[in-house]
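We call the chains A, B, C and D, going by the order they appear; numbering starts again at 1 in every chain.
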Amino acid sequence: MPRKIRMGMVGGSTDAFIGAVHRRAAIMDGEIELVCGAFSSSPEKSKATGRALYLPDERVYGTYEEMIQQEKKLPKGERMDFVVIVTPNHVHHGPTKMALENGFHVVCDKPITLNTAEAEEIVALVKETGLLFCLTHNYTGYPMVKEARHLIRSGALGQIRKVIVEYPQGWLATLVEATGNKQAAWRTDPARSGAAGGLGDIGTHAENLAEYITGLKITEVCADLTIFVEGRLLDDDAHILLRFDNGAKGILQNSQIANGEENDLNIRVYGEHGGLQWKQMEPNTLIHKTQEGVRIIRTGVGNLSEAAQVHTRIPAGHPEGYFEAFANLYRNFALAVRAYEIGHKPDPLFDFPSAEDGLRGMKFIDTVIASNESDTKWTPFHE
Amino acid sequence: MPRKIRMGMVGGSTDAFIGAVHRRAAIMDGEIELVCGAFSSSPEKSKATGRALYLPDERVYGTYEEMIQQEKKLPKGERMDFVVIVTPNHVHHGPTKMALENGFHVVCDKPITLNTAEAEEIVALVKETGLLFCLTHNYTGYPMVKEARHLIRSGALGQIRKVIVEYPQGWLATLVEATGNKQAAWRTDPARSGAAGGLGDIGTHAENLAEYITGLKITEVCADLTIFVEGRLLDDDAHILLRFDNGAKGILQNSQIANGEENDLNIRVYGEHGGLQWKQMEPNTLIHKTQEGVRIIRTGVGNLSEAAQVHTRIPAGHPEGYFEAFANLYRNFALAVRAYEIGHKPDPLFDFPSAEDGLRGMKFIDTVIASNESDTKWTPFHE
Amino acid sequence: MPRKIRMGMVGGSTDAFIGAVHRRAAIMDGEIELVCGAFSSSPEKSKATGRALYLPDERVYGTYEEMIQQEKKLPKGERMDFVVIVTPNHVHHGPTKMALENGFHVVCDKPITLNTAEAEEIVALVKETGLLFCLTHNYTGYPMVKEARHLIRSGALGQIRKVIVEYPQGWLATLVEATGNKQAAWRTDPARSGAAGGLGDIGTHAENLAEYITGLKITEVCADLTIFVEGRLLDDDAHILLRFDNGAKGILQNSQIANGEENDLNIRVYGEHGGLQWKQMEPNTLIHKTQEGVRIIRTGVGNLSEAAQVHTRIPAGHPEGYFEAFANLYRNFALAVRAYEIGHKPDPLFDFPSAEDGLRGMKFIDTVIASNESDTKWTPFHE
Amino acid sequence: MPRKIRMGMVGGSTDAFIGAVHRRAAIMDGEIELVCGAFSSSPEKSKATGRALYLPDERVYGTYEEMIQQEKKLPKGERMDFVVIVTPNHVHHGPTKMALENGFHVVCDKPITLNTAEAEEIVALVKETGLLFCLTHNYTGYPMVKEARHLIRSGALGQIRKVIVEYPQGWLATLVEATGNKQAAWRTDPARSGAAGGLGDIGTHAENLAEYITGLKITEVCADLTIFVEGRLLDDDAHILLRFDNGAKGILQNSQIANGEENDLNIRVYGEHGGLQWKQMEPNTLIHKTQEGVRIIRTGVGNLSEAAQVHTRIPAGHPEGYFEAFANLYRNFALAVRAYEIGHKPDPLFDFPSAEDGLRGMKFIDTVIASNESDTKWTPFHE
């Protein structure tokens, strides 16, 4: 009897932001259901969240350790199939490790861990266990990101020369973390967020997107990180020159103090024969520029790549957005779980970011921080 | 013990389009679950759809009559709480009526029925039974539509003078219905779609949106309907002059032959003191124009109305789209069901379109068709 | 010895608006120079304007009659070659007639005259004298308007089906004419503006643009004109259904009370195979839509028509605007004057609006006003 | 007797591009007339250009030396008042110097000279002679650039933190200079263009714009220049990190290989309280962002600064573009010449770029090139 894939959640109590995003994304396509959770380090809050989500009390746990241990005892088909981890960064490594060690697949919010050493351990554990791991670099789930990647792979731009990727936000333009804002508090706290602030929070999305779309690897960086807001402990702005493995050059800039910007992740890629431009705030539009003119590529319109098509749900002109891109990762992960259960490899058309991508993000952070502290222009980015 | 609201679906087999939209919208906020369905007039197709949706076979029915009868026998809490109807137009009235008569609330895809007489019957039945009915004029679920309505209600534009509402599509620019396209086939077939083609399919969305946002009522129309594509049986283009109950004037145009247009529903409203503009293809932006300048109002940014806020899920700059607007109707309907169960009235802040809205849409179709056939300039729109 | 074409101006004193536009447009390409003027009905104001324009006092006249008489006495090459008329509408016919009767070519601001009878007289006089006449429907001078016309002529859209043309402004949303605003005063005064307000001022631009781009003729109209601002004497808003000679349908709307709109003249044309969209506020962009996707056509980019190319002065991305489009009419008129002097016909590639276009505009006004006053739906538009 | 200011041109034969731009810009406002020229190093070409411009043969010279000498002999009021220099970069210093030494004011196309030593000489000479000098950094002439500068000066953004300025073009994405393209040939030739390619051609516009708008000075740069097109001799792409004198950080990037880009000069400035964004390809729009929302500031709309108003010619919605911005420099220069003649200082409201701005641009080029060749991250930018 076919059934939905069963998800257990670590973190994501009702006053968190990203937990609800994951829940909506996970269930959107009817392939996954939430069956249990350890939603908070406070057992009361965890229980209350479970009830708000209509979970039976017995499947709501006080700690992730308890959840993993108890669920493991349930028969397959009843127990959760995978764990999703939506806690602050410093509580990524623990539950991921324990889940993998106990035979559960893992979906983990980005970044993979608090630091590179932890990330390396997770990568090794994923390899060792053969279990599935998805890091939610959600922006790669947009159909027009898939199309951009397809166009570049298929040579539409020729050799890539120049990449400009940006992720400006403005919400931390003042010392919001001192006002009781929980989101701001943990993201600007080295103990919970890691060595990087905005760079880790959003800069790594930009890095991941640039490498995902272009298929190139960054090999050198030259970084200027700033803390603009007095009293803040972590970077809130990053200006970074990039060099890529094929000789292309690039710029990555992210900011949390770009007053008035919302979540303007965007990328421009230029090759020998043309350019592409994509903005997450208008995600269903991909602009293809050549010297002969500009073509507006739209989700659902015309002759798109299979990759774009299988990540689209509705006809053109009905905007799909953030949740749908996020859900594409979950849908693909669900397909991979089903494939896993019959001993198949995941279909690369239905891809999702891996633990290796997560490790690369951690090393990117290390490299940028090293560059920022160096007087030498270029700092190599070692894999 | 709190539980999710339980939904049974009529129509929506896996090769239909709108069924999957409803399913995604219904479950998005974790308040509703699909528990049963009569997904197709073919019992095999219905069964197959049920399995693809991971429903138990015993809750998948061959006909809606069977579904309603069988579900009614189940104990409350196990049986469905409401029926959603996502069949072609000519199969709206039957299941709606039977559901209401058997004590089930109803969500019905638009238009409410095939014709006005049927619609009047449904309106009467809703009143009589006191049950809840939601017509999915989904575009009214967008937060920026709520904000536009709020601004106009609060007098930001002063007295409304001029309304331009448009819904151009291009997908029927050729005789697509002759190529085996199922969506095109029933929408251009008078037996299944009713007396109107594009006017009923999308023109009524424009009419509903204009009245919803402005709070005005159309009182007269002057229509020029066209069938541009040879061999087509129903209108594929409509140009309509409008007059409103406060003296405002308007234009409504919809088209299915506007080659290259996707789903460009948009509205511009001008009052004594300013104007508003909204486009469903960029739904998170509302433009407020005055002679002093232009203000871009964005979902999630700044000091928005409570109505906009409670229909928004994520921070600004992460685009919410078609599914989320649709889901707002379902979320609000779920809240109304919960209120109903404890004997409360629905909270008007969490509104959704009613059977009366559906009847009004049917009368609008009648009026426009009468106007189109008349040599007199103005045809009154009687409620 | 080659020399610049010499222009004499009627109207356009320093406190007028459109006179300065004409002067800049006329001289832009170095083909025309201003040599004399009767700038105002006040001789002092005329003199002062002449001095501000660095004209010698003896070439600044108190009346247009004086100017025409005196200039005629000067030797060819010294005297003006043509007259430009930039007075309010009621002073178009007089100087045009006198100029033509005295052998001077004429450029006239739009509308051609105060009413149709006057316009017919001018058309006849132009034919009789064989002199050159240009009506400054300036919007047809934009390169992307030329490109749109070329694409439609060359069949890129197939048979045209649907035309939406709009010209909303907001500057007369209040009774500005009562505040001492000179521009508003004469434009809303039937004695100086004619039988139409906004319809004549901007609606005829929309009519002219639609017919120019599509090559179609309007054959029937159904109009709803409004005076929204209390105390105003002429229409400030127009909603008009159109039918064209090839069976196409259309909508024309113009407004002066669309609060917050600047000069948003725009047109959308849909044919069997695609659509085109152009907006004068972003005039260097022409959008070509088909079901396969959207192409952005830009002034100066790629393989444009000769018509677009010869009306463009600078490389792509350096915006040409209102003055340059206006100047294209003058440049073309100057070329026609040079051709005239050697007995050649004007080159149709370098076109400009004619007296017949002006007469057509006057008849359009008559027809729309008749329709507005009629209870019959359609009023024929007789040439 | 008032008269127009008289201009003599060096360079700008009919097959050049920028000469015609200067001529149109200079005459646009009726304050300046072209009276003589040495349009080409070929006397025949110069003569032919003079005739095409309707100049008398005796005012068309074979060399700039001849022009300056001969014009000097003419009585004041007949002779040229100033020289405009529109030759390739290596022929800026010579005519500028000679003009100043002979008592003529100078307008010079950018860059001021071929190198810094020459620029210093010109700056000294301007100071010494007290004559007027205008460098045509034309983009500072746009009304919305004036408005942006005004807003920042008036504190609307608070302390500036972050500046992103870009000037991407795509026209040199291939080795165009090898195809006979004259514009490409001299711009990529070190002997005629100087030590920098795109950096000097367009990067200095970006530098000038950033400093002009923000009022800040760049104090350090970290540059990565590239020649992407094989066989090219000068940089065609520049990625530069910036630091400003108030602690702000920035990025400047320019490119001639950004395939499909036209002339997308654009700037974003973020301060403590808000951000501003301007793009020269949509120059009449200035976007003001704050955490409360976005305001679209438009040329001619609402309560603009005096600086914006006096650089605007027509009502809102009628796009002014490249020529008009360029003409603002000339109009202001003409006002300065008139002020000079009566012993007044120029009015700072009617400003134009100076020789010092030109020298700063040359030093910027030197600094960026030094940075590019250095392994040290930051290279100081000494005034």
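Heads up, the rule we're going with is that a contact is a pair of C-beta atoms (placed from the backbone, for glycine too) under 8 Å apart; a residue touches a chain by one contact, two chains touch by 3 or more.
Protein names from UniProt, one per chain: A, B, C, D = Putative dehydrogenase.
Here the structure is a predicted model, which is why all the values come from computation and not from measurement.
Peer 1: Have a look at B-D versus C-D and report the one with more C-beta pairs in contact.
Peer 2: Of C-D and B-D, more C-beta pairs in contact link C-D.
Peer 1: Between subunit A and subunit D, two touching copies, which fits better, same or different residues at the interface, with half of the numbers shared as the threshold?
Peer 2: Homomeric contact, same residues on both sides for the most part.
Peer 1: With chain centres taken as the means of their Cα atoms, state the distance from subunit C to subunit D in Å.
Peer 2: 34
Peer 1: Centroid from C-alpha atoms only, then distance subunit A to subunit D, rounded to Å. What do you get?
Peer 2: Here the centre of subunit D sits 44 Å away from the centre of subunit A.
Peer 1: Go ahead and note the Å separation of the Cα centroids belonging to subunit B and subunit D.
Peer 2: Taking the average C-alpha coordinate of subunit B and of subunit D, the gap between them is 55 Å.
Peer 1: Two-or-more-chain contact residues of subunit C, please, as numbers and ranges.
Peer 2: In subunit C, 171, 261, 291, 294, 298, 301 touch at least two other chains.
Peer 1: Where on subunit A is subunit B touching in the complex?
Peer 2: Touch residues, subunit A against subunit B: 2-4, 17, 20-21, 23-24, 27-30, 34, 51, 53-54, 169, 171, 261-264, 280-283, 298, 300-301, 313-324.
Peer 1: Sort out for me which residues of subunit C touch subunit B in the complex.
Peer 2: Interface residues on subunit C, with respect to subunit B: 157, 161-162, 164, 170-171, 173-174, 222, 224, 226, 228, 237, 239, 241, 243, 249-251, 253, 255, 257-261, 268, 270-275, 288-291, 294, 374-378.
Peer 1: Subunit B touches which residues of subunit D in the complex?
Peer 2: Listed in rising order, the residues of subunit D that touch subunit B are 291-298, 301-303.
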